[in-house]
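Quick one: structure below, then a few questions.
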Amino acid sequence: MVWTLSALAARVDGRLVGVADLPIKTVGTLQHAGADAISFLANSKYRKFLKTTQAGAVIVKAEDVDMISGNAIVVDDPYVAYACIAALLYPPTKIARSGIHPSTVVDSDAEVDPTAAIGPQCYIGANVKIAADVQIGPGCVLEHDVSVGAGSVLVANVTLCRGVKIGERAKIHPGVVIGADGFGIALHQGQWINVPQVGSVQIGSDVDIGANTTIDRGAIEDTIIGNGVKLDNQIQIGHNVTIDEHTVIAGCVGIAGSTHVGKHCAIGGGAGLAGHIEICDGVQFTGMSMVTKSISQPGSYSSGIPVEPTQDWHKSVIRYRQLEKLQARVKALEALLAEKPN
Amino acid sequence: MVWTLSALAARVDGRLVGVADLPIKTVGTLQHAGADAISFLANSKYRKFLKTTQAGAVIVKAEDVDMISGNAIVVDDPYVAYACIAALLYPPTKIARSGIHPSTVVDSDAEVDPTAAIGPQCYIGANVKIAADVQIGPGCVLEHDVSVGAGSVLVANVTLCRGVKIGERAKIHPGVVIGADGFGIALHQGQWINVPQVGSVQIGSDVDIGANTTIDRGAIEDTIIGNGVKLDNQIQIGHNVTIDEHTVIAGCVGIAGSTHVGKHCAIGGGAGLAGHIEICDGVQFTGMSMVTKSISQPGSYSSGIPVEPTQDWHKSVIRYRQLEKLQARVKALEALLAEKPN
Amino acid sequence: MVWTLSALAARVDGRLVGVADLPIKTVGTLQHAGADAISFLANSKYRKFLKTTQAGAVIVKAEDVDMISGNAIVVDDPYVAYACIAALLYPPTKIARSGIHPSTVVDSDAEVDPTAAIGPQCYIGANVKIAADVQIGPGCVLEHDVSVGAGSVLVANVTLCRGVKIGERAKIHPGVVIGADGFGIALHQGQWINVPQVGSVQIGSDVDIGANTTIDRGAIEDTIIGNGVKLDNQIQIGHNVTIDEHTVIAGCVGIAGSTHVGKHCAIGGGAGLAGHIEICDGVQFTGMSMVTKSISQPGSYSSGIPVEPTQDWHKSVIRYRQLEKLQARVKALEALLAEKPN
């Protein structure tokens, strides 16, 4: 798509600086954008590139516009404006053509809206309901009684198990599995038996789910992902977890069963949350956080000790193991000193 | 399914308290169950709901029955009894209809038992053997020489690589990959070359494998998962790992190559086990445990420091880095004090 | 395949000791190899088995050959020689027959080399280019504009999203997803909106990618994996990460967006790398390392404290939390002691 700079500026309520009818065809980084590209400055670390950028135009805050000799769009939040402009320049391509590909198998009592598009090699089970403008890419499996809300996209090789409900405008990436059995087992005479997982999974609207993420079905009631939640890749969400609206979770996070995460939380990559705990609204966890207890105060939480050279680390581990002795030595010193004459 | 309370009590060898012919149609939590549902008390944290539950009946231990005004089934282990009763009320649905779906491709010399059911869009390779009552859901790939034992279920989009052997009554969830090449590489003139992985994978009977879990084939001999092992989602098991009977592993655990895990172990979510180590029978690791050495004593082991507010964590990391200095300061104090007159 | 010992020795430039025309059919471990098998000694831990091995022949260094009573091939690097010999004894089987399986759907303007083999149940999208001798196993999805270089293998159920470019002789295991959207989101009026991910992914030549690993497409520019990189299973690589030549990464590692990893690095299992950092050439991270900052010196780095018995761990965590107090106590002692008379 080609847009004029002025048209783009208008779409993001931005102030145009420079050539109104400059044609913009693409996006680029400040370092590598060309004359037909628009770039942006959102992270001050990259401000140094403003002077030398070859970008046709740059999206900036008012405070940075003077550093630019060329064209600009001035907005309050350059990253959000960039997201909107990139979406205009790169309208999403359809991942499947309208209608149902002949190689796909659709159960006779599934209900597929005529505006939906279902690609090749899929299976759509009994009593599945697919709403308007849904796109389902190749290789997806929807077991019986699944429903997918209007405008949602399943990219490819997605598996939705029986009864899973997806809201509107969800985007679900390849390899995602929703509604597999939760990990419910009971020890009976020395052997583990399975506890039937009779709940399901409800995914809200405007939810994104990254590649190879797994969300288990509930044991009795449903696992619930709220509206606007954004999940990165390879996240594991146990049975009966509930995640409230507009929480974002980075890759490789694991959340054990029955834990509740509030609204507008942000969980860093590789974090692990124990089961049966409560995380209140507005909590951030940094990467690789180990969360074993409920959190009732909003704010940022962290754990873990970053790397050091391996030979130093060997010593650090030893010192950590000697903490008890060190405490005892300090205590002994305190006692000794208390006995000494002044 | 509808059962009478007395019939359910009989099936779990429980003592019936209340209305024998009460119809039970479903299960529910103590908080939300209705009059046609049976609930249970297994975790004392939920005992407070016993008085107010609207459940038609509750499965309890003898010591709790007096707290219930309504109907009950009294057993020694309410969770196990609940698991049995839930399985009666929710008999597993078939994941594929009997026979082989016409969209599935079966190699001419595969042997599929006539009682097996293979759903759409699968591929069954040369010399595969599928035993009685096996169910294979949509999108599964079984490479040549795979065998699947009687009563096993592959839910959907499962990949079994060449020569993998699955025992009886296994349940394998979507996205699982068994028998991909182990990570065997050798450095040759500055480049990594692959070491052929000529072993396979043997999965025992009554094994469950959670969504997107991966189990690599052995380098020379086989990777082996024992009978009754239960694996949650997104577990990674390296080549030549052996896991003995009735061990359970929660989500996101990684076990590096050639490690041996004994019987009746329990590994918490996100734990990591180094390669070439031995874990004896009866070991528990709590979540996110870092296991670098062999363990020869049964019992529970842990590592990791849980989150604290991020600003406190910054200070903690600094203090941890100063442990060497702190030890030196204590040593200096000890020396100084030794010189002081009494 | 059957080879004579002398032929195998010749192929690895090894010195033959013993029976030249001994037929070798298979490989085995020192402990379990039989008379028709060749074994090797690469790890001194296994030297004790040299005397009792039943292997037909053993690949050893010159320094170990005297411990062997039977046949041997003497080389400088037994593991590399073993890798070469195993590849001769076990030539890779084709994962798909030549040509395009009739169940596979190929877009009319895809270009598939006549020597390529594409198995059943695949989807090959518009404008895809598949080079000579490529093998694509069952269930793979290649979206539009993907290209796969000569001799590469996609084992099964692999998903390559739009525009992804794969080099030559790559091996991509089941469940891998390359080119899903990066995790780019911007907060707009209390809701997260998606930032279009308009870059793609470039995978070099001789790259291996383990089962269920995910590599996201770039936000603006491409995510890049260099030649000879070896990736194990369940690795997550964020958008715009670049990994240079001959770096190896073990399972369950997560690398956040825009991080650069140099050449000939080795990253242990379960490690996590923060986004926007630089790791120089020749760095090793041990398993479960937490890497939050750039590294500019080659060498080995580590973090994390291994398990201890759970009751000791509870105390350790408390002591860790008391480090501030302990420092204060030492400081108080130092002050007190400074006041004391000598």
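Going by the order they are written in, the chains are A, B and C; count residues from 1 in each one.
Definition applied: contacts are C-beta pairs under 8 Å (C-beta built on N, C-alpha and C of every residue); 3 or more make two chains touch, one makes a residue touch a chain.
What you see is a predicted model, and the numbers here were worked out from it, not measured in a lab.
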item: Copy pair chain A, chain B: interface residue numbering same or different (half cut); value: different
item: Cα superposition angle of chain B on its copy chain C, in degrees to the nearest 5; value: 120
item: Inter-centroid spacing, chain B versus chain A (mean Cα positions, whole Å); value: 25
item: Two or more partner chains touched - positions in chain A; value: 103, 121, 139, 157, 175, 212, 234, 252, 304-306, 308, 320, 323, 326, 330, 333, 337, 340-341
item: For the chain C and chain A complex, residues of the former touching the latter; value: 103, 105, 121-123, 139, 141, 143-144, 157, 159, 161-162, 175, 177, 180-181, 183-188, 190-196, 198, 212, 214, 216, 220-221, 234, 236, 238, 252, 254, 256, 272, 274, 284-286, 289-293, 295, 299-306, 308, 315-316, 319-320, 322-323, 326, 329-330, 333, 336-337, 339-341
item: Contact set on chain C toward chain B in their complex; value: 26-29, 32, 77, 79-80, 82-84, 86-87, 89-90, 92-93, 95, 101, 103, 119-121, 137-139, 155-157, 171, 173-175, 206, 208, 210-212, 228, 230, 232-234, 246, 248, 250-252, 264, 269-270, 287-288, 304-311, 313-314, 317, 320-321, 323-324, 326-327, 330, 333-334, 337, 340-342
